[in-house]
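Going in written order, the chains are labelled A, B, C and D, and every chain counts its residues from 1.
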Amino acid sequence: MTSGEVLLEVHDLVQEFVLRDFGGTKGGVLQAVAGVSLELHVGETLGIVGETGSGKSTLARSVIQAPPPKRGQVIFQGQDLVKLSGRALKSARRNLQMVFQDPFTSLDPRWTVTRLVEEPLVAYAEGDRQERRTRVSELLDLVGLDPERHGGRHPHELSGGQCQRVAVARALALNPKLILCDEPVSSLDVLVQAQVLNLFEKLREELGLSYLFIAHDLALVRQVSDRVAVMYLGKLCEVGPVQSLFAEPLHPYTFALLNSIPSPDPTVGRRDTASVISGELPSPLDPPSGCRFRTRCPRAEGRCAAEVPELRELTNGRFVACHFPLPAREAVAADGKAPDPVVAVAPAPLWPAEPNGAG
Amino acid sequence: MSTSASVQSVSRSGSAFARRLAGSPALRLSGRRLLSAIPVLWGVTLLSFLMLNALPGDAASALLGINATPAEIRSFSIKLHLNEPLWTRYGHWLAGVLTGNLGTSLASPQSVASIIGQRLPVTLELVIYALIITFVVSVPLAVLCARWPRGVIDQSSLVLSMASISVAPYVLGLFLVILFAVHWSIFPAIGYTSLGASVAGNLHTMTLPSIVLAIPLIGFYTRFLRADLVEQMQSEDYVVTARAKGVSEWRILTRHALRNSFIGLLTVIGLNLATLIGATVIVEEIFSLPGIGFELLNAISNRDVPVVEGIVLVFGIAVVLANLATDLLYGVLDPRIRHVRARS
Amino acid sequence: MSVPAADLLTTAPAQDVLGGVGAGPRVRSRLRNLEIIVPGALLVVLLFFCFIWPLLYHIPSPTVADLFEVNRPLWSPGHILGTDAVGYDVMSRILYGGRVSFEVAAAVQAIGLVVGGLFGMIAAYRGGWTEAVLMRILDVFIAFPSLVLVLAIADSLGPSETHVIWALSAFSIPAFARVARAATLRLRDQPFIVAARLSGTRTWRILLQHLAPNLAPQLLTFSLLGASLTIILEGALDFLGYGVPPPTATWGNMIATGQSFISVYPQYVLVPSVFLVATSICLNMMGDGLRARWGVR
Amino acid sequence: MASATAAGDAAPPDVRLGPSPLLEVSDLRVTFHSRAGNVYAVQGISFSIEPGQTLAIIGESGSGKTVSAQAMMAILPRTAHVTGSIRFNGEEMVGRSERELRDYRGRCVAMVFQNPERSLNPTMRVGSQIAEAITTHLPLDRKQAHERAIELLRMVRIPAPERRFYEYPHQLSGGMRQRVVIAIALACGPAVLIADEATTALDVTTQAQIMDLLLDLQEETGTALLMISHDLGLAASYAEDVIVMYAGKVVERAPTKELFAGVRMPYTQALLDAIPRIDTQPHVLLPVIGGRPPDLSVIPAGCPFAPRCPEVQQDCRDQAPPLKQHEPERWWACWHPYRKGAGQ
C-alpha cells in the first residue's frame, strides 16, 4: 500500500500549555510535546503509543491545529499548516480529519445522526441538500449503519460502537487522505472494539486511507500499524517498522512497555518481577535533564543526565533516541514470524535486577 | 497548619518562612485579585457617575424643591460646581478619592466619609447577623434532609424552603412586624439601638430585620447544600470507598461529604453576596434602620451625587473583598487549591 | 479561567454501563412530574385570568373607584375579593396587577436571555481579548450594586412599566451572562465542539446550532427562577415608590398602600401578598423541577 | 466510634477453620427497578472462593460482574433488589441489617475500586483516610492508628510513608493513589479482597506494578483475591481460576491454564479471538461476531448468547443451558461446547 510518497511531515513540533493556579496566577509551563519530528507516507498507518502524559494526544491535536503548536512545522500535502489560518487553513484541513476517543462526547447530543454526518458537507458547501443526503446514506452504509434505521436517531440512542461508526462516517464525508485516530476504540468493549478495528482496516483497503493511530494499547497498535512511534514525556523514544520494533525493541522504555503487557496466554506466566519498570512518571512541568526516561531507566549512566539523546537511525528504518540502546539481535527468525518479545528478550544481563523499592 | 509542614520547615526556618510566605498561593491570589479589582472599581464609579449625570433630573432642583427660582438654582449649582462640565467634575471627584477624600454631601454639610462611617456598621452588622442565622439553621437542616432524601424532614423542608425563597422581603417584613411587634410585642417594629449603647438593645432591634434578610437565604442554602450532599452521597466514588470501609452513613455525611459540599456552597454564597447587599436596602427601609441602604435611597432621590458615589464605591469594594474572601476560603476548604500542583 | 493540569493529561476511563441504572424508582419520577405539572397548571390558570378573562367577561375597572362601595369584606356580592379604602374592586386590581407582574417578568427575562446569554456565550467561546474585555465590563456590573442602578434608572426616568423593565434588566443581563459564560466554558472544549470546528463549521453556526441548543435547558430553567425574582423586585420597586405609579394596579403598590390599613383591614396586604408569593412559588417550583429533570445545575 | 466497640466484642472470623468455602455465592440475582422497567443485572450466579485463591471474573460492560462484586460487598444502591445467598464463612450476608453489614464490610471483605482519581476523598489527608478504615473496626487510639496507617503505606510500597501520610490525594499519581486504596482495603486484614477493574484506569507499566503488588500482598497476608476485569490477558497472567460472565450469567469457569488450553463456551472463544495480540501480523482482520449483548430488561428464554453464537442450534434458543460441572474443576453453560483443542 505504501507508495513512499510523504503525506504528512512534522518537524520539531513543540506544544506548550500555560498552567494557571487558582485565581489565574501563572503556575508553570507544561511542554506536552517537546520537539517531535516524524513523517507519514501515503497509504501508511503510523501508530503512536505512549502512556498517560506522554503527549500523544496533544501531538495529534497540534497536527490538526486545534490548537496550533507553539513551534515547528506541520507539512501536510506540501503546505505548512502552522503558517495558515482562516480560509486557507480550512481548505488545507479538508483532507485531514479526526476521530476522537469518546464517541459520546464527540457528537453533539442534540443533533441527529444524519445531520451530524452532513455537517462537514454543509460547512464545505458540498452539493445541494439532496446530494448531501444521498452522500450521508452512502457513508452510513459504508460504516455499517442503516441510514433508514439509524439516520434519525440521536447519539444517546446508539451504542458506543455505533456512535464511533457515526464519528468515522463524519470523518470520511469529505474524502480525506489522512485520518487522525485518537484512541478511537479504547472506550469500547472488546468485541465492539474488534468490529471497529476491522472497519478501520476495511476503509484503509477500500479507500486507500492513511492513519495516524494513537493508542496506549501496544497489541492494538501492532494490529493496525505499519510503523510505530513510541512517546515518553513529550518526546519520541523510538520509531520503526512494527514487526522489528516489537520483536527487538531498542529503547529500554519500549522494552519495559512490551514487558508490562499481560499476555492472554497463561503459559507465559507471571513475568519476572524485576523486569517491571519501577518508579513514577516525572512531572512534565519539570522534566529530567538529558534523557527524559533516565530516572526510571536501569541502563542510565552519567551521560544520560547531561546530554539529550537525539533520535538517530540505528539500522535500516529503525530510529532510537537513546545513548545506550539495547543491542539489536541478529536477523528475525527465517520464517518471518516475530518471536515473542517477552520470551525472547527476557534473559537477565540486558535488564539487571534491581531492588524493587518503587520510586 | 499540619505537623508535617512544621517538621519540615524546622530545619530551614527564618528566611525560608519568608520565602514560603511570598510564594504562598493565597498571597499571590490576594495580590492579583486586588490589582484586578482596581479597573473594576474605577468602572463602577464611572458608571454610576455617568448614570446619575446623564439621566434627567438634577440635584439643585431636587434639593431646593419645585418652588425654587431659576436664580436660586443657578447660584446653588455654581456653589456646588454643578455647572462645570461632566468630565471636570468626575476628574475632581476621582482626584479626591485617590487622596482619600470622598467629598462632601450636597444635601448636608457632612463629609461623605463620615456619613459612610456612621452608616456602614449598621449594614455590616445586619449582613453578618443574617449570615450567622442562615448557617446555624441551614447546615444542620440540609444534613438532616440529605440523610433521608425524600423522607419526612426532606419533604417538609422542601415546602418551607420553596416558600421562604419565594416570599418577598417586604411582605415577610410586614407580617413579621404585625406578629412579633404589634401582636406579641416581642421585638420593636422600627428603630435602632447601636451595639455600643446596649448589646441587648441592639440585638432586640436587629433580630427581626436579620431574620427577614436571612429567611430567603436559609431556603436557598438549605436546598443547595442538600442537593449537593445527596449528589455526593449517591454518585461520588469516595463515598463508596468509605462505605466499603464500613463507615456509618452519618459519619460519611458529616465527615466526608459535608466538607466537599461546602466548596460548592461557597461558590453560591460568593455569587449572591451582591444581591444580599442589595436586599439590605429594602430591609433597612422597612425597619427604618439608619444603614447605608437607607442613606442611599435618600441620596438617590436628592441627586446627592457625592454620597451616591461614595456608597457605590463602598458596595463595590465590599463585593470585591467578599469575593476575595470566598476565594481564600476555597483554599482552606479545598486542598487541591491550597497546594501547588506537585504533579500533573 | 484556569486550565487544570490534570485535565490536559488524563483521559476519562469508560464507566460501567450499569452505573446509571436504578437512579429513580417509579414513585420519584411521578413526584417529579407533579412538581412541574401542578405549578405549571396554576400559572396557566393565573395567566388566563389575568390576560383573557377580562376580555371575555366584564369586570369592574381597576382604576374607577366606586365611592359607595368602600372597604367591602371578602366574598361581597359583585366584589369577590371586596373593595379597598378608595372603592376599587380588589379582584380586578389583582388581575390587572398580575398583568404588570407577568409582562415585566417576561420582558426582563427575555432581554436578559438574549442580551446576557449572547454576551456570556461569545465572551467564553471567543476567549482571549474579547473575553477579557467583556468580562471586565461584566465584573463592573457584578460589583455594582444593581439595586442602585435600578433605583437610579427608575428614579430619573420616572415611574412607568417600561422604565421598570429597563431598570430590572440591569439585574438580569449580568446574571444571564454569568450563567451562559460558565456553561459555555464547560462546553467549549467538549470534543463535539472541537469536532464541529474541525469539520469547517463557521463560528456563528457553532454558537447558534451547537452551543445555544445545549445551553438552552440551563438558561430556560434559570429564567424561570429569574422570573420569580423579577416579580418580587418589581413589587419592591413599587413598594419603595419607584415602580409603576398608582392608580395603575400592581401587586406591589397594592401592598404598599394597604400597609397603612394593616391593623384594620389586613386583607388589603394579605390578598396581593398571597398572589405574589404563590406566583413566585410556582415559578420557583417549575424551575427547580425542570432543572432536576433536565439534569442541569 | 460505635462500630469500633461492636467490632471489639465480636471475635474476628477465623478464615482457616471450617469445611465450607470462605465466600460462597449461590443463585445470586440482582434486579434494578427503574421507570423504564426492571433490569436483571445478575441472573442467578453461583461460585465460591477458597482462602488464598486468586479468582478472576471476566466480562464486558453490562455483564453483571461489577454488580456482583458490589453485592458481595453489600454496597449496592437501594434501588437494587438482591436475592439468593452470599455466605461468608458459612454466615448468610443477604438480608442482614445495615449495622451488621458495616462490621462485615472492610473487615471480612474489602474492595479496591476502578478509578483511583475519584475513589479517595479529595479534601481529606490520605493518612486520615487509612486511619479511618482502621479505627472503624479496631479499638485503636489515634496514635496507634497513625502508626498502623504508616505501616500500611510502607506495606504497599509507598516511598517516604511518614510524609505521604499528610498528603492529599491530588498530590499523588494515579498509581500511588491506587496503592493508598489498597492500603485502605487491607487495613483490617480482610479475608477476601475484591479488585474491581483495579488497574483499568492505569497505564500498562503502572498496571504491572500494581498487579505485582497485589499478588505479593496476597502471598504475605493469605487473603483470597477476586479480580473483576474485562481484560482476559490480565486474568491469564495473574489468576488461578477464571469465571466468564455474559449478560448477568456465569457461562464458563475453569482453571486459567486449562481454559486457555481449550475453551468450551463459544462466547469465551469469541472474546479471546477479538483481542489484538502482540504476536499477530499487522492489518490482519480480527475474527469478530456481530450483534450486541442482549437487553437486560428481559430474561431470555434460551441461551443469552444464542443470537450471536456461531454454533447456535435450535435447542439453544429454546432453553437456557445451566452452568454445570462437566469435568473436574470445569464448569460451563452450553449445549454445544467446543471439544478439547477445538475452536482455537
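Following the convention adopted for this analysis, a residue touches a chain if its C-beta (ideal position, glycine included) is under 8 Å from a C-beta of that chain, and two chains touch if they have at least 3 such contacts.
It should be emphasised that the depicted structure is a prediction, and the values quoted were computed from it without experimental measurement.
Counting steps between touching chains, the shortest path from subunit B to subunit C takes 1. For the interfaces A-D and B-D, the C-beta contact count is higher for A-D.
A separation of 31 Å divides the Cα centre of subunit A from that of subunit D. Centre to centre, using the average C-alpha position, subunit A and subunit B are separated by 52 Å.
Counting partner chains per residue, subunit B shows two or more touched chains at residues 234, 341-344.
Touching of two or more other chains is recorded for residues 61, 77, 115, 170, 173-174 of subunit D. Each of the following residues of subunit C touches two or more other chains: 5-6, 8-10, 13-14, 23. Residue ranges on subunit B touching subunit D, taken from their complex, read 2-5, 234, 236-238, 240-249, 251, 255-256, 259-260, 263, 333-336, 339, 341-343.
The touching residues of subunit C, counted against subunit B in their complex, run 5-6, 8-9, 23, 28, 31, 136-137, 139-140, 142-149, 151-153, 155-157, 178, 228, 232, 235-236, 239-240, 252, 255, 259, 262-263, 266, 269, 273, 276-277, 280-281, 283-285, 288. For subunit A in complex with subunit D, the residues that touch the partner chain are 45, 51-52, 159, 161, 189-191, 193-195, 197-198, 201-202, 204, 216-220, 222-226, 242-243, 246, 256-271, 273, 276-278, 280-281, 338, 340-342, 356-359. If you check the complex, the residues on subunit B that touch subunit C are 37, 39-41, 43-44, 47-48, 51-52, 55-57, 150, 162-163, 165-171, 174-175, 178, 182, 223, 234, 271, 274-275, 277-278, 281-282, 285, 296-297, 300-301, 308, 311-312, 315-316, 319-320, 341, 344. The part of subunit A that touches subunit C in the complex is made up of residues 17-24, 27, 30, 32, 52-53, 57-58, 64, 66, 90, 93-94, 97-98, 100-102, 105-111, 119-120, 122-124, 160, 167, 170, 173-174, 183, 186-188, 284-285.
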